[in-house]
Amino acid sequence: MIGVAVIGCGRIGRVHARNVAQHPRARLIAVYDVAHAVAEKTAGELSVKAAASLEDVLADRNVDAVLVASSTATHIPLIRAAVRAGKAVFCEKPIDLDLEPALACWREIAPHHPVVMLGFNRRFDASFLALHERLHAGEIGRLELAVITSRDPAPPAAEYLKGSGGLFRDMSIHDFDMARWLAGDIVEVHAFGANLVDPLFAQFRDIDTSAVSLRAASGALIQINNSRRCAYGYDQRIEAFGSKGMLQAGNQRATSVELWNAQQTAAKDLVVDFFIQRYRQAYQTEIDCFIAALENGGSVSPGFADGIAAQRIAVAAEESLQTGRAVRLSS
Amino acid sequence: MIGVAVIGCGRIGRVHARNVAQHPRARLIAVYDVAHAVAEKTAGELSVKAAASLEDVLADRNVDAVLVASSTATHIPLIRAAVRAGKAVFCEKPIDLDLEPALACWREIAPHHPVVMLGFNRRFDASFLALHERLHAGEIGRLELAVITSRDPAPPAAEYLKGSGGLFRDMSIHDFDMARWLAGDIVEVHAFGANLVDPLFAQFRDIDTSAVSLRAASGALIQINNSRRCAYGYDQRIEAFGSKGMLQAGNQRATSVELWNAQQTAAKDLVVDFFIQRYRQAYQTEIDCFIAALENGGSVSPGFADGIAAQRIAVAAEESLQTGRAVRLSS
Amino acid sequence: MIGVAVIGCGRIGRVHARNVAQHPRARLIAVYDVAHAVAEKTAGELSVKAAASLEDVLADRNVDAVLVASSTATHIPLIRAAVRAGKAVFCEKPIDLDLEPALACWREIAPHHPVVMLGFNRRFDASFLALHERLHAGEIGRLELAVITSRDPAPPAAEYLKGSGGLFRDMSIHDFDMARWLAGDIVEVHAFGANLVDPLFAQFRDIDTSAVSLRAASGALIQINNSRRCAYGYDQRIEAFGSKGMLQAGNQRATSVELWNAQQTAAKDLVVDFFIQRYRQAYQTEIDCFIAALENGGSVSPGFADGIAAQRIAVAAEESLQTGRAVRLSS
Amino acid sequence: MIGVAVIGCGRIGRVHARNVAQHPRARLIAVYDVAHAVAEKTAGELSVKAAASLEDVLADRNVDAVLVASSTATHIPLIRAAVRAGKAVFCEKPIDLDLEPALACWREIAPHHPVVMLGFNRRFDASFLALHERLHAGEIGRLELAVITSRDPAPPAAEYLKGSGGLFRDMSIHDFDMARWLAGDIVEVHAFGANLVDPLFAQFRDIDTSAVSLRAASGALIQINNSRRCAYGYDQRIEAFGSKGMLQAGNQRATSVELWNAQQTAAKDLVVDFFIQRYRQAYQTEIDCFIAALENGGSVSPGFADGIAAQRIAVAAEESLQTGRAVRLSS
């Protein structure tokens, strides 16, 4: 049994804590939150203890791994402390809003050969995973073009937005990781952005709509489109086109029911629109992969380097937005 | 060039006349209608002559084939006369509302080895044709179950209904032919009928909704469902299920557009709801097959015997409706 | 918390036991199986006790409800004993292979106003449930025709088949319940059966393929088609057609991936083909509804009478198969 | 009746000639081709005369309109001559491979208020047309993002490629027109190109795969992806995303048949892969719109200015490809 402590009992922290608690080969040792009452609530629901301090968590010999789901600014200090304490780490994306601190963190911890897995949950979605496997098994030959569609159902709260790091670092980062996962290293980035959804975004010097083009080292071209609002739900699709054909992976709906009437035919349900519901299976699978990697002493994936690489693309996309130039990434 | 005369310039007669006129290897020699003004109108549109009488049509040496699209009661006399005059015949279904006159007609004309093709247009629909070919090519192994769905967009006019012969002879007859075409000889028939659409049907001792089960000599079972009203268009589908899989052939829509919004997703157009539009390509193809058969001296299909066979099933379905028993057909 | 004991630790018993154990407002008190070792294994997995005897289970004051998932022949004795012991009962279908014992059981227990829920799991499938709700909310007007497709991925083992009671009592019974659930009381039944899948069925005087027509008291007609083998998975579909349109509920697939290549386009995954996986959510939901009904003192649904009613249709279908007549059910 | 002469009897010229000939309110007066034998063949098929010279065509008083379907280099001289002769013109795209000659042509002919319609056939495809109308009717609110997919089934012949003007001028030009048609004026263009399909393209300093981003004056962002090879047919799709939802328009298939078997389910036909077949209806409709505009004295659309505008985008895309910068278009 792998002992896990969860740091941060917000929405996503609770999802992870529950998945750890229900995992047959993991044991949830403790949960922690700077707001102790919040930690106690989660602890009560899952019948575990609410740790009194981070020190307690890291000093606990039963804790093999620390799952970091606290606010972004705490990620690096927590990774450092956990690695120093000899713990494996699962950390929610992003490592940090800025690239430099993440790189510095890596320089510091790398000599310890740390086990750090990044929470790019979409890699574990059954449909995206199947597309990835079938692509790499050669079903459509060499990848030439990919279209990644990612549209949030509605803008986040102003409070969240303020500290989000902007569309590319907060939202597109998942798509940048998908692009790397499908096509390999990215060498060039171009981005168009727009303010079409809500004046709030402009207020925070952020954008709410974007069209990004990536060029992979392999030659493949990837188009990503993002919006902060989508009337029909949380639109999450991948289209991979290759020399021998195309693979598409699409949305989820609550039911398979279709309505045919005098206005339209074969009308389906809305797309599942809450990310925690949409990626419920993916969150379970990523924890399962983390636990399995720890058991087998194998390497975790996606790892720290994947977090850095996606971040580099986000930074390049921002630069492209400012300069109007495609930005080359040194490989 | 095959010379063709069209008898009957109603809705379906005009479709056939136009298809003959546009056929590269056929020549529309004349059109005829008991209402001469009606014939003249069609003749004018297609730049051919409106024959003054049936005798003129049958005496015309340029006429190789007669296409019978006049009212049902005239079919048998016209087939007889045309065969006697040495013409090939294409006749709209049904041969007659009753089985006996059709059988008598056949006994009379059979010694002449007549060429008589029946207008079961659905056999020529590109999708049904492809399903048929792929089924018989063995793609799904042996046929075991079929579901045939056939729902008219709206009830016919009372006037039409009166002389229609009832649901099974007028509408289901097409589905009975489809069943034979897919599964071969039918040996047993059961029918449930209901009055759910319009009181008009009950008034004419007719039904407007039915569920028919057929057993084929091959062992395959076929379910047919019919309705005289369908909110979303002219619903025409076939599902063929066999030992190795299933083939489905579906409806037609005007466009491929799908709407996703806050109410539903992937909502498609209504189904094409006018039979002449739905089967436009099928009507062209059946004329093309008729012309090609005449050119090659090959046999026409579906022929007179197919018309009789479908009619037998209709009669058996009516008997089943009355008696509550499944009715066996002598093969 | 509702205390539940599970009787029978076979495949389906274990599914129920796990769902009870994971239910937030239920407590799995004990499991029991005539093969004690089997019970102990399940008990160990779920950290509950394996009861030593049925008497112990029924004498346990913590047991509010007994979940009967043992072999069919034991259902009636267990229902009787549990009701006598004042327990609520959840019983897997069917109550019994024969109608008379079930009716006798009811006459005996009815005076006790027992709480007995029948395990017609499909009523709790999210898609079928949504179709049912939308139908009854009037989205397609009055129900006129329904097509229920139910095809097993592969024939059961010979051993199972032997005691199964035949296609209609074992397999179609679910579809008969679906028909009643959608259309209300059934008043007339016709059945065609065939042996097309495996000679084994004929050996047991059973059929492997069927086409059944039902007439509801409402006037609606229902067509059910069943096969004991389906190349592409466990085919479970409902089509409900009414005066204002149609609702369809379809199959489940592991992923949303579609392949487009030089052979075909938009090719999807096979249909989920293991019933426990296909109805995983339905099994959870039915237990949840059972628990909720016990908490609220509300009535359970589907109940004993629904089990009887579906059984009556199965018996009528068999009679129709023998006699070739549609069989009327006294209401 | 509008009298039309067709110049150029290649593949597309013959399509247009046939559509004119079959149009109920147009008359095909003559066809012309520099290769007289070619013209005679087409003339024979359509029972019209093969003009001996261009002069004869332009001098013919019965000719109201000239349809230019000859090689690209002849377009401008023919437009000039036809306008000078007082004829209306329908010209295949592009006006010219270069922008300057097209602008010069316009400066010369503009004072004559010429009627010049450009052959952007996709605007007349029933599905794209419906999407366009529904978008402009406000069904999905304001357009924010569009994804245009356009993939040819196979690379053109080397001979054709040589003089094609390159991917953007030859192929993407249609997509640029679609983008303008949907989103209005384009103000910024970025292009990535790649050589992934065939070494032939690199040999001609051309690309075979591209990912283009456009920004419209309205703020909307458009992504276009192109490939010169597509295993499953001629992939032609539009996705328009707006504040209230999404409209998608898709591909065409020969039949509606779907195959379900032990390998996959719901597998559809290949996509129609010959452009003349794919856009058969669109070619008819564009001629019909041209004829109707001439009859009504209304303006034609798309016109010369639309040809220029699409060309400007193509030129900008090429510049972006060279410089790595997004290119602004002066409006």
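Letters are used for the chains, namely A, B, C and D, taken in the order the chains are written, and counting of residues starts over at 1 for each.
The rule is simple: a contact is a pair of C-beta atoms (placed from the backbone, for glycine too) under 8 Å apart; a residue touches a chain by one contact, two chains touch by 3 or more.
Just so you know, these numbers come straight off a predicted model, no measurement behind them.
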Chain pair showing more contacts of the two, C-D and A-C: A-C
Chain of greatest Cα-centre distance to chain A: B
Chain C and chain D, separation of their C-alpha mean positions in angstrom: 58
Gap in Å, rounded to a whole number, between the CA centres of chain C and chain A: 40
Contacts with two or more other chains, residues of chain C listed in rising order: 140, 231-232, 244-246, 251, 259-262, 269
In the complex, chain A residues that touch chain D: 140-142, 144-145, 147, 149, 151, 188, 190, 192, 194-197, 209-213, 215, 219-223, 225, 227, 229-232, 235, 241, 243-246, 324-326
Chain B-touching residues of chain A, taken from the complex the two chains share: 231-233, 251, 253, 259-271
Chain C to chain A touching residues, read off their complex: 126-127, 129-131, 134, 139-140, 244-252, 254-262, 269
